[in-house]
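What follows is a structure written as structure tokens; I'll ask about it next.
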Amino acid sequence: MDVQIVLGSISDKEIAKKAVDVLKEFGVEYDVTVASAHRTPERVENVIKEAHEKGAKVFIAIAGLAAHLPGVVASKTVKPVIGVPVDSNLDGIDALLSIAQMPSGIPVACVGIGRGDNAALLACEIIATKDETIQEKLRKYRGRMAEKIEHDANALGL
Amino acid sequence: MDVQIVLGSISDKEIAKKAVDVLKEFGVEYDVTVASAHRTPERVENVIKEAHEKGAKVFIAIAGLAAHLPGVVASKTVKPVIGVPVDSNLDGIDALLSIAQMPSGIPVACVGIGRGDNAALLACEIIATKDETIQEKLRKYRGRMAEKIEHDANALGL
Amino acid sequence: MDVQIVLGSISDKEIAKKAVDVLKEFGVEYDVTVASAHRTPERVENVIKEAHEKGAKVFIAIAGLAAHLPGVVASKTVKPVIGVPVDSNLDGIDALLSIAQMPSGIPVACVGIGRGDNAALLACEIIATKDETIQEKLRKYRGRMAEKIEHDANALGL
Amino acid sequence: MDVQIVLGSISDKEIAKKAVDVLKEFGVEYDVTVASAHRTPERVENVIKEAHEKGAKVFIAIAGLAAHLPGVVASKTVKPVIGVPVDSNLDGIDALLSIAQMPSGIPVACVGIGRGDNAALLACEIIATKDETIQEKLRKYRGRMAEKIEHDANALGL
Amino acid sequence: MDVQIVLGSISDKEIAKKAVDVLKEFGVEYDVTVASAHRTPERVENVIKEAHEKGAKVFIAIAGLAAHLPGVVASKTVKPVIGVPVDSNLDGIDALLSIAQMPSGIPVACVGIGRGDNAALLACEIIATKDETIQEKLRKYRGRMAEKIEHDANALGL
Amino acid sequence: MDVQIVLGSISDKEIAKKAVDVLKEFGVEYDVTVASAHRTPERVENVIKEAHEKGAKVFIAIAGLAAHLPGVVASKTVKPVIGVPVDSNLDGIDALLSIAQMPSGIPVACVGIGRGDNAALLACEIIATKDETIQEKLRKYRGRMAEKIEHDANALGL
Amino acid sequence: MDVQIVLGSISDKEIAKKAVDVLKEFGVEYDVTVASAHRTPERVENVIKEAHEKGAKVFIAIAGLAAHLPGVVASKTVKPVIGVPVDSNLDGIDALLSIAQMPSGIPVACVGIGRGDNAALLACEIIATKDETIQEKLRKYRGRMAEKIEHDANALGL
Amino acid sequence: MDVQIVLGSISDKEIAKKAVDVLKEFGVEYDVTVASAHRTPERVENVIKEAHEKGAKVFIAIAGLAAHLPGVVASKTVKPVIGVPVDSNLDGIDALLSIAQMPSGIPVACVGIGRGDNAALLACEIIATKDETIQEKLRKYRGRMAEKIEHDANALGL
């Protein structure tokens, strides 16, 4: 298993799905579960421990409000942790700052508000640093995006 | 020991001192230490455990940036936790939101940015709910504040 | 009566209900009423006075916009005052700052925007500092939350 | 006496002086004192009562942070209340929102952050609605500002 | 005619109606029209000139976005100008800052976002500084608000 | 004369100088003066009228706080108006929003906070749409910037 | 062809349409296409190159989120570039800052959030600096806006 | 060479130094240069191309204001790109949003404002996903941080 996804709450499911869809498309193995940094601190520890045992290379933590989950995960692993802020309130600016503004020493890789897809792509890029197959898939993914935009341009009709 | 104060970083010392000064003035016993939610998660757990053993009734957690310390403490105790946001960046709005916007189920009592004094006064108020002596001291403290303001008014000279 | 809840406006009722539901669940006695800091300053004073007579240990004040109610209550009691910001405009950031940024000397315990539930839990934690029964109930409440999350994890289906 | 100025704290003195200087220039009688909405709620009431007795037509309330003073004054008088937000923290946006975002029914006239001068000019404009002498002075004041700007233009040297 | 209301756009009509309703209730004479600071600068000048001729004592200017209308009106009269920010975008914070942050010398009395009612009440308070009848009506209006809140308290049912 | 620069206040001189320096470097003729939208509305009109007579093709308006100057200029000319927000308070976000958020129909070209240099470059780009000499100078200017950065890269020493 | 419009995403179509409608009304020739700064950087370069060949005088770039498109276009042309921030998240403040806060040397003319119409009007103003016909059309357009507002004033019915 | 660091401007040198110091400490090979996304778009392309040739596994891009550099780099590589926002203005919130809010498809890993150290640590974590030596060094680094905090706690003296 390569990527461990953790949701702070089941209400973040829609954003987790965006990540899962990308990982499936890239054929990257993942585990996904719910564990709240505040309500289930021990569960978070267990999830991390088991993920380590299963060989997880990257963590994706999804959370809203005072979004401590990515930071809590990062405090207990030296694997890269990607944080996805969720818009539960204040348009998600609270979650964005709670994830991005980590103190010196414990990094979290923050992506955009609600960007489960980009979290998964970043995870793929990290795995691809030593996996040419995924790197190739990433290039093709970008090719398809470019084609999609060319198609949009033709369909614009303005 | 009644109040356990935890600083996320020794750079928050000045704000912790405001809290300590108030607690001394009220004769409330306290312990104060440094423990980072991100850099020393186990130390935080130990601090909480020992504080419980020493009979701590209230926790004060002081932190800046993605200020997870108060929330992390709150996730491991059912004692009241008071969070003090520190202005390390963005005028402290990142810390304020990281502390105030806790999710349902795990409350933190957030005071103003840099307000170590108010955190201590709130701790005293909590202890005073069953301690008439402290309650009386709180009333006198307010009396002195009022006198100070009357004195200021006379000294204004405008 | 242990907890006095005050709403700045009847439009905050839904958030007050979240607090009431928690207090009922914990068997904590409460009073709840409407009193506006700006439109009925005298009524606020009377509510506080009567609450004191009924033995209130904690106040919960719920308000939006320039949310002065928690601060006004805090200025007239040395009991702990918990403030709940309401999102009436600007996503509630105006209310959050009006409650959290209290000046030196008069603390208010600010919880998250719309978090009536956490206000009540914090009130329970304060009361529980000398009431083992409530403390035990708090621990069980957390246990149920943890179970709920484990259940969510199993039901996730991603 | 026409204008009652109230400072929430003696630290706001510099901004109060800007107001006083304008009122002196216009020959408008004023009283100025310190009274904190939170630390001395009774003193605020007394200041308002005495101001009414002295015939105050307008109130100017100056405060920072969770700046409740203007709203508290407004809740106890039907005279116009002008609020001046002070930059104590967060560049004064907390005070600005605490003053501007008053709920329906109790208006406060909010001026810019730190704008004691404009508060006094607005007070003069209010008094001038039935006082031709002050109105004439206001027009001359504007004439002098315009001359000052013409002079600045000539001195620009770019 | 006592109060001249100006809308920056007909889309602000709903907020203007709140002001009109209050002025009608207080029996204060008003004129209301649309004039855009940016799209019809000359029309704004004419509206002000005619309002002066009709004896207007107070101006209320309602505008959203880069809300210059209140400031433009204030630059051409020494009568008190009340500005009402409208939420057209960014929750109205753009309009609030465009109105509240006037430079030294030209005051605008800013009320809350969308608060046409408070603008009218403030206008009444200004007129009432020399009109005992309106002052009495203001007191009664507050009495009715207080009764409404007492009624709400009884109807709360929590 | 090609570019009319207007400062809302002589305190914006430093930012105007950045614009003037660029225009001198490009050999573009300019006029620069001070005129406040709020304090000298007639002066602003006269400045625009005279600028039209002198053949001005572009306006640059520099202002802080509730920065109405660019919008007021734009309301009285169909020449392109470039607005430069000044940081007088709130880090300049008030001025930025007051300039950028113009309503439909009257555009202002907003540049970055304090960016007098970019305002002048944009003015040159506008003039250059039919002036090959200036276009060539713009390309060379960019070439020099690129060389400067290459030089910086070599001097970095990390 | 005079104006090249580029959308960062087909989801910005509605805002592009506002620009197109204005350009059609003014009889200004334009091209419109989709090209993403991030997903199709080469396509953006090609669009610019072809626009140059077709004689484009002004660029309009429309983008949301981390809206780099206007800046990327500006980095590759010395023609004036107008940026239109789109509200995809955070009410568009992210896009506004990403467009307005360009560094020294590469200007972008930022208009209001979602203001495709103003972008087109600004483009017309730029073209009109040497085209009396368009200038005349701009004056007439403003005349029609003024008439519309007069009509609104008569239809207000308050 | 493992990590390519790019500064948008030589003024970001101090923050780059924090990254360099960490990479040196971990014995990770790096290249560091200056290249502006806006002022030298071709240089950025060349830097990326050469970095690819030298075997770069991760990019760190440091930029302020409308901080497009990380996004521009990300648009031209499928290697992980870490963005470091710099506080040049608005406390760095403009740069933070310009980096974090990347659109779907092109991820950037955003760290805290000014956090060059965390960018380098994240780069090490990414490299360490397949390098046990670096992973071990990361664990030791955390151990030293924990010791430092224990030492701080003992030295606190409150």
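So that you can tell them apart, the chains are marked A, B, C, D, E, F, G and H in the order they are listed, and the count of residues begins at 1 in each.
Here is the rule we use: contacts are C-beta pairs under 8 Å (C-beta built on N, C-alpha and C of every residue); 3 or more make two chains touch, one makes a residue touch a chain.
This is a predicted model, so every value here is computed, not measured.
Visitor: Show me the overlap between the contact partners of chain B and those of chain C.
Guide: Both chain B and chain C are touched by A, D, going by the contact rule given at the top.
Visitor: So which of G-H, F-G or B-H is the twin of B-C, meaning more than half of its contact pairs are the same residue numbers?
Guide: F-G
Visitor: With chain centres taken as the means of their Cα atoms, state the distance from chain A to chain F in Å.
Guide: Going by mean C-alpha positions, chain A sits 42 Å from chain F.
Visitor: In whole angstrom, what separates the CA-based centres of chain B and chain F?
Guide: 49
Visitor: State, to the nearest whole Å, the distance from the C-alpha centre of chain A to the C-alpha centre of chain H.
Guide: For chain A versus chain H, the centre distance works out to 19 Å.
Visitor: Tell me, which residues of chain F touch at least two other chains?
Guide: 9, 36, 39, 65-66, 89-91, 93, 100-103, 105-106, 112-113, 142, 145
Visitor: Who touches whom among the chains?
Guide: Pairwise, the chains that meet the contact rule are A-B, A-C, A-G, A-H, B-C, B-D, B-H, C-D, C-E, D-E, D-F, E-F, E-G, F-G, F-H, G-H.
Visitor: Which chain A residues qualify as touching chain G in the complex?
Guide: Within the complex, chain A contacts chain G at residues 87, 91-93, 112-114, 142, 145-146, 149-150, 152-153, 155-156, 158.
Visitor: Applying the document's contact rule, which stretches of chain H touch chain F when the two form their complex?
Guide: 5, 7, 9-10, 13, 16-17, 20, 32-36, 39-40, 43, 65-66, 89-91
Visitor: In their complex, what parts of chain H are in touch with chain G?
Guide: Of all residues in chain H, those touching chain G are 8-9, 36-39, 41, 64-66, 68, 71-72, 74-76, 88-90, 93-94, 97-103, 105-106.
Visitor: If you look only at chain C, which of its residues touch chain B in the complex?
Guide: These residues of chain C touch chain B: 57-58, 78-80, 82, 96, 100-113, 115, 117-119, 121-122, 125-130, 135, 138-139, 141-142, 145.
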